[in-house]
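Dropping the structures in below, format is structure tokens.
In what follows, subunit A forms one complex with subunit B and a second complex with subunit C.
Here is the complex of A and B:
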């Protein structure tokens, strides 16, 4: 699926993640900021990458501002942002 | 608690007073967090700059700040503004870092953070890749060239003689009488014969007036000092590092106090990043220091032909062309310092 416009999902509140998705010429790219970057940065990136793969997305710049979201929250936020970016 | 847009700026100003903050005139939207008809928090935006941010002491650490930030980000995002900046006091830096903002640069007066898709490192890397320059050592100049004069040319020539590779950044902010694309084009034409000189757009992180710290600095002098030092440090940490710039050239500044303060900041800050600052005496002609403001003054007085002595041929050709008519009209009517 192809990202055609910028879209967002989530909030910057505690235990949530704010996801912004933009069309990207250079394939998938992730830019993550997190209050738990040192402990869970790799894992959060992996969830985002896996979600992109599941949705067959290959041209997304995903900017993520994490405030300690759990795995399924991250997945849900990414899915929502991607869906909004397809229309 | 709810968060709403407000037009009642007087109330917001009153609230901000408690925090020793004022609300700038340039804000185009203001949010308030309200509980029991009382303002407990606020933030505003002026284009892509988030400012006037405060939350009541009694409500801090209750998620008011993150709700305000989310809402303002959402509004800006929907307006197509994807990169945002926050200027704040250095002691508040970590609050915003905790809210997903990235620290760009700071000093004892101000910290600059960026949010959304803004990413200084990535942006500067893209700038470098686009420039087609190699990674050898370089000298650099940052110029507005409003318009390009023999004074600018002399400065670039001096750098070109003393260095193997020179890169000239043209200030991209479109606040000058000559529009950015005209300024860039005239410099490119004017230095065509200098083979080791590359002229490129300065981008978002060099002298961009959109990123001017304002509300929390009282005195004009402090503000200027903070801004120029911030700009110099961003140049040193990000731009010079990526482009491998070892020297920066500036002209002596006889007229403009802002440029003078800027030169001082460069001399103070850049050596910390291993960059030598070279000051070149201005080119004199007929006992005047050749400068763009001098040329604009001649134009203002209707002495277009007199500019010939002070600008390269390519600039003069442009000034007398049809394309320049509107700009010249604007200069004649304007009192702008730039």
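Here is the complex of A and C:
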């Protein structure tokens, strides 16, 4: 699936994650900021990458501002943002 | 060496000295000595009022290496610590030890004094904000020493912590040094934490924004301890001193925890006539008080006392006749200040009377139930309230360890996970309070009882409460969050956590 426009999903509330998706010529790229970066940074990135793969997305810049979301929340927010970014 | 909570502690720490390892919460009772004090007697006709903090510092012969002390009743609205250190810095004095009962975000200017060597040592029972971050990053020359509220009183009385000059932030002071906290625009109520400082420091300076004619009554700190008085425009920002109201949580998770905790108290058998109780000012802790209040009213139970930093909510329970008296070391809100001023049975107490293990019996020893918080708790029931799970200092014991050790039933109330972090872990980042003094943990998904409390487990064996082992609670949390990666620390020790008896329960290392 091809990202054609910027889109977002999620909130900055505690236990949520705010996802912004942009078209990206260089392939998939993730910019993550998290209040639990030291403890869960790798895991959060992995969930985002896996979700992009599942959706066959190869041109997304994902900017993620995490406030302690659990894995299923992250997956749902990424999926929603991606679907909003398709035309 | 390894101490009684299985922490690896050096035998000697540079800038601290020889380490007395923690041997157990009740290992160090028995014969103790208090130090004698040195003072300059005042003859009739002498004037105690000086024109400025600078003049007071010069009169007290401020010099390199001295220890100056402060108390935290003005909390995040305090101006006194910053005013005094600014003058000390201007005088070119170096290598000062700041012994503050607590340090808050408003004390950010202290960071500069740390960087330029004016301040090289800190004692505190609690610290949060920029100073705590600076200490965690290793900016302070020597490790900070973290006490408990009762432990600080013990350290001062025993001479472990010698104070050269104590600065008392005085909401009201008369022309001969009698101080109270109930009058004046900066009224904050009880001045309990300042009392050991006033009694044992070589010099005592009252800093006030309400200088009144002699005598100021009631007297909380008396003229016999006060050398000098300085009048300033403002000792603090009223908005930061006391919160208008402290509120019960509206969060359904917090309420669920509180309800379970109240049921546990009820089933423990302690909730009967003569019941005594303490809780912090956090929303969940206050909600426990609300549920306990319902049970007391329903069963017509008349309690004995409530203690601590007193909140308006506890005052309401007292006014409804649910407690005979209140013991108050620090008022948390305006309603508590008002009650402390007007009710004879709303009794002030010093930090020593509150929690010092080395006097002839502290108030904590008479507590039935104590409600505590936690940043982390481990499967040995050790509690961390000193560092965040990122390793940065964001608190400290305060009265946590004192009340846990003294009370018959100490209950930690906490969410099972906070912002994806499991709160129950294998090993807490820093041990503040030893697990042997923690009896139960209550979370929204279940309760764990310390297996040492076989009596309590026996009492609860037919209970409908959701009781699990602490390992089961930990597994529930990790199933939701996953297992966090470990934080890495450097070797440098940035803070030493002293248990209330002065032994070292843990050290905090610099964050990488």
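Definition applied: the second predicted complex is superposed on the first by the 87 of 87 C-alpha atoms of A that agree within 3 Å, B and C clash if a C-alpha of one lies under 4 Å from a C-alpha of the other, contacts with A are read in each partner's own complex, and residues count from 1 in each chain.
Please note the rule applied: a residue touches a chain if its C-beta (ideal position, glycine included) is under 8 Å from a C-beta of that chain, and two chains touch if they have at least 3 such contacts.
Since this is a predicted model, take the numbers as computed values, not measurements.
Novice: By the touch definition at the top of the document, which applies to A:46: first (subunit B), second (subunit C), both, or neither?
Specialist: Neither partner.
Novice: I'd like to know which partner A:71 touches here: subunit B for first, subunit C for second, both or neither.
Specialist: So A:71 only meets subunit C here.
Novice: Report for A:14: first if it touches subunit B alone, second if subunit C alone, otherwise both or neither.
Specialist: Touch status of A:14: both partners.
Novice: Counting only touches as set out at the top, which of subunit B and subunit C does A:83 meet: first, second, both, neither?
Specialist: It touches nothing on subunit B or subunit C.
Novice: Is A:35 in contact with subunit B, with subunit C, with both, or with neither (first, second, both, neither)?
Specialist: Touch partners of A:35: subunit B and subunit C.
Novice: Go through the superposed model and pick first if A:61 touches only subunit B, second if only subunit C, both, or neither.
Specialist: A:61 contacts subunit B only, not subunit C.
Novice: Pick out the shared contact residues on subunit A: the ones touching subunit B in one complex and subunit C in the other.
Specialist: 14, 35, 67
Novice: Hey, which residues of subunit C end up touching subunit A in the complex?
Specialist: Residues 389-390, 418-421, 480-482, 484-485, 487 of subunit C touch subunit A in their complex.
Novice: Under the stated contact criterion, what part of subunit A meets subunit B in this complex?
Specialist: Residues 6, 8, 11-14, 18, 20, 22, 31, 33, 35, 61, 63, 65-67 of subunit A touch subunit B in their complex.
Novice: What part of subunit B is in contact with subunit A in the complex they form?
Specialist: Checking each residue of subunit B against subunit A gives 63, 66-67, 69-70, 73-74, 77, 80, 82, 98-102, 115-117, 119, 122.
Novice: Which residues of subunit A touch subunit C once you look at their complex with the stated criterion?
Specialist: Those residues of subunit A that touch subunit C are 14-15, 35-36, 38-43, 67-71.
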